[in-house]
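In what follows, a single structure is set out as structure tokens and then discussed.
Order as written gives the chain letters A, B, C and D; numbering starts at 1 within each chain.
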């Protein structure tokens, strides 16, 4: 039967080509959703194979699928599909508002598919060089997506995004070169030196000094893409200025892929150094991100910027969790990654509809959503409560595990984490509550908002909070064992 | 009987099914009000019966497959949790019955959603009390906070209600963070969060005290202990009356349960200064609560502050119990703990009864401020007489439940001179005096509450045609009033229930001594002190009957009706009665330093002279606003990081690279 | 033989470093582009020497790509952008040139003692050049920070890419072919996008000064 | 529950009911003499009671059933209070049912009901009187409780009969704590029974009266019951005073004939107490209402000081 992996990568590429030609027409929205659905089905098939046969290789070991990246692939495909569903009514309204001309629509649809291709490529590739190329390509596609409105603000956001991430990714290239140098001495030069599985097998003999420098550059490189605090500046602008489906996919998926890349490097570095250097770096920057982002949130007036900062906070929390290491913390980090992307994309769907209804993203002008359209109102309220870590939802489950392991491993860090979570709760909930409750002058949307994706994501988030299915739990355990060693 | 935990979980599941049924019948008002809520009440009754049976049964636990794979939900029913479930279920039965008649069309959220939130709230409270591991406890704890938040903001069109909801959820969340930290300290590096493991840990004194203070902070935030009480007078009045009855009567008790579970059950060793801290905080809260209750103008805020006072008394009782048990005086500790638990039960009943009373008044007159009520005893006799029972119980007057717990508390203070250190002995008179003062002020508050609302002349015309409570509402209120009276008259039987709990927590109970003396409540021995409420009530009734018979036989029963004495001034208007501010004026004058009073006196020559006095809360100005200011300023400083210039951003990235390289190769 | 090619590579490395310094101190945009082209040529030469010395055939292909890309295509594109947008000749800098030169020297010293322990480990003939490559990267990074015009910033970005390419060829005889192709493709597409952006920024703000792009910030 | 116990209990209540109006008549007679006035006869209170019982009871047209029930409840409470405090003998079957704290609670119950009844009619005087009564109540009640606690600390029990027995049997020694408690108790009883420094029992001047304002609306048999209850309250307070500070002469458990001796001793002690009260009233002038809290606060502090001295000095 056709290799599922080939389908997972082929369908989005084909979609990008097809939509490149027909992207401007009305039915383009449905083709986009169809292609995303195809990718999701292929990803499902791939997952089934990995479950039954364990890790598989393809194309003479260039591509590699193991428990860690297969659940990320399924997650990426799933969220890409639901975002495509959401973007159908959203783009219709944007077209009527005149903000999306036909060829912009074409650019948007084709870049959307290309973007999901680059992410899936980055996840599935076994070659660290290709991983870098895929990340760079993802940056390029999202730059175009962010600047699709061609307003002054979106141009500025796109320019900053490109320059800052370009510079960041360049450091990662230097890191990859150093990694290759260290690998070549051990594996020899017949081309297998950059394959992650080779490196993983031989990571004990890699030279610690080169690997330290390599990890430093790789961490700062991919850390810029994850949005860790000192190098986060591009993230709020990029996520706020692009169209909402793009922000949902950026916040939900691209940050995860960047963190996945760091995880790959951390596995190698831990093997080579036997020391806590990688963990310490991640704990330090993770904690800094959580605390700084919490204080950033309290100054926001634009809804999408606020949720972008919330993404920085959650990515910081995940980096902290992976930095703490050990099977439980890594398990919590992976769970947090899943639940965060589900809930954050649901929130962006709700915010998208809300801002379209109010015509602005400034929170003061959006009032009383529940009275106008209960679906969007309740979606936003429950999503915000979920992302703030209120228990029935999954985010609390992973935060509980992270905080409790942190209390055991790094007790000094817990007060800072809890202070940040408290401040974030106070400021974010203080702004979202008046948006959802109270009187309103907003008029209902012409088109029925796509509420199904919002509540599918919230339902999954709620399920993960109360009950984690056994096979999913087994997956996380394997991946956690693999990462935490 | 293995009935215990499984049966309770079945009832809780039934509640959730009722809630979901409400969700599907979103706007079918009659179905929700007349079928779902009474069904919820019936389930609550069943739960009360199970808890009663489980009180003396041995502890059983069950593990559900849901929750984290590594830490599935553990639930355990021991006598402490059975006692609190009994309180929750009994009050919930009455309140559900009342709610069946209370909710009317077109008010805030659709009735179906309200029914869902209401039953999730009940279910989460019961599960909090049943939880046997930190994760289940935290999940149920914050689900309780979340569901009650949505209930508080039912009609969120009003800005004050929104702000009250926000403040409530914020402080609840911060409290929950404190509790999470406390569990973290308790697990002492074992990583296993089941309560069984937490019990087995031996913490050295420093960490045990840190855990204790965190528990006091966390549960104090939910109970409304002094520095963290600001949300209570905002949130409880904002909620619809049945919900505020449940929140005040029962939700505050889950905080007391949590505190008892941690200080007595999970931490074997206790230090005497813990007791002093809890005692001091409890008394300060009680005095603060009762003074503010006496000067309130809004009837529901008055009851909310009175809840703060009662919570203060309960924590004072617990503080004394800790003091005694840390010195190994177990019988005295049992006495103090029985007093606290008795007050938990009686306060749950009479406070929810009073809130339901205000609910009925609110629906009849749609008026909340005391200045616009009055003379309702004539148009709403049922509500008036039932609220009278609640008011007398809340004032701690003899034949009712409130007096028994106060009597036990004062008795336990009289045994305090047995404490070894002289400093603690000196404590006794001051604390006993404060408790007596608080009880007396509670009487003052309740006379003001009942007198201004139900007695005298109606201060507004529209009060004349206020309708009395409906059928369902009467059932709910009579159930709660009956329970208050029974608690007052049959203390020996109630203490037999409480002994199972004190037996588990402190080792001994009052049981053997109390049960020997039949109708009399004799805590230690007959010589020392005894109180027989039944005989007491019989004495008063006998006096009443004899006087009545004496007058009717020897003389006559003729009465004539005439206008009241107006001392020669014929134009007496209802406005001339004492208003709520007037009745509270002496307290405001005596306790001036405690309050933040702003007076607006009319100047000479004012077109319309207006006198306005507003009483603020010192804590709000000296604690909450500075904290908000600090967070604001910190955010400002952090905000500088994002100044918009790309070259600055590149500089950050450059410096980070250099910094990491230097650090890595150090 | 190897010593000769080693000396040649060191020579080209030094040329690259000199050009990076020159670009920092340059005021005119046109000469900036010329220096960038020269850097491309030096890079191609170094790659050819390494290919010749180590017999790696794929290095010739990558040298060819670099030649086409970095010496012909990108400079031509930059020239077109400058003519079409009528970019003014002088280059405004945020901090004056002497201080940037001083910082540049400090950076070079820093990257040398950073790369010293590693370079003698690597088996490739161009061991010493790793420090120089890192220096080029940091210098061009610093150049991007101190320039306030879009074009010089882009050129800084490109010279950083050059530094990285040189590090790849010098330290590890070049990355595997498929990776080299991917990187080249990314750089090319990147430049195209930047060009398109510069046209839009010009329309929007009718100047290419980065200081206009400062609206998105915290109040 | 011996026969003598029941007999002494009934005798005690009947004696209280009979002697109470006599005591208040005796006090007003002493006061008149001290103020050089010709005093009304000793039996005047009985005549007023009889007159009031014969008259029709005029009720306000708005008065509710609470208004009509309150006098009976207050009278019942006061009668029970006199039954609990040991005046003639300490062998009372009712005493285990209510100890010192229950007694204070009983007074509080009576005070709450009379205040509610006053507020029921809804005139300015009723609510004014109720507020002042509750003000005095919430300050006097804790002080009374502290006084009783001091005595119970000495006798290691809060049941009144045990207190009287232990205080009666110890040898005659000066207890500083009891002295302080005595001063506090006099202040509290003055305030509670609406005597001069706090409130003038004889006045009908609306703005100054507290106790009178409460019973302003009552007439006929209800007023009679309330007057009688007031007299009973004065009797109960003096009984408590005697029990705590002059306990000698009270009959013990097994000696019925001592009961006969106890009656005259009680009358003698009440006479002296009544005269002392009248002297106190003529000496002091009525206070402004907002001086009363400080007055009662001193009583409260004295009582707490009494407990402190008891615990620290052991005397």
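The rule is simple: a contact is a pair of C-beta atoms (placed from the backbone, for glycine too) under 8 Å apart; a residue touches a chain by one contact, two chains touch by 3 or more.
Keep in mind that this is a model prediction, so the values were computed, not measured.
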Pair joined by the larger number of C-beta contacts - A-B, B-D: B-D
Whole-Å separation of chain centres (CA-atom averages), chain A against chain B: 44
Gap in Å, rounded to a whole number, between the CA centres of chain D and chain B: 36
Distance from chain D to chain A - Cα centre to Cα centre, in angstrom: 80
Whole-Å separation of chain centres (CA-atom averages), chain A against chain C: 31
For chain D, residues contacting two or more additional chains: none
Residues of chain A engaged with two or more neighbouring chains: 159-160, 163, 167, 213, 236, 296, 299
Interface hub residues of chain C, defined as touching at least two other chains: 114, 141, 144, 213-216, 218-219
Set of all touching chain pairs, with the criterion as stated earlier: A-B, A-C, B-C, B-D
Interfacial residue positions of chain B with respect to chain C in the complex: 639-640, 642-647, 650-651, 654, 657-658, 661, 665
Residues on chain B engaged by chain D in the complex (per definition of touch): 374-375, 377-378, 388, 392, 395-399, 403, 406-407, 410-411, 414, 417, 422, 425-426, 428-430, 432-433, 436-437, 439-441, 443-444, 446-448, 450-452, 455-457, 520, 526-532, 535-536, 539-544, 546-548, 551, 554-556, 558-567, 572, 574, 576-578, 582-583, 585-586, 589-590
Residues of chain C touching chain A in the complex: 114, 117-118, 121-123, 130, 134, 137, 141, 144, 150, 153, 157, 160-161, 164, 167-168, 171-173, 175-176, 178-179, 182-183, 185-186, 189-190, 193-194, 197, 200-201, 204-205, 213-216, 218-219
Chain B-facing residues of chain C, complex: 94, 110, 114, 138, 141-142, 144-148, 210-211, 213-219
Sites on chain D touched by chain B in the complex: 53-54, 56-62, 64, 66, 72-73, 75-80, 83, 94, 96-99, 101-102, 105-106, 108-109, 111-112, 115-116, 119-128, 130-131, 134-135, 137-139, 141-142, 145-146, 149, 152-153, 156-159, 162, 206, 216-217, 220-221, 225, 290, 293, 300, 303-304, 307-308, 311-312
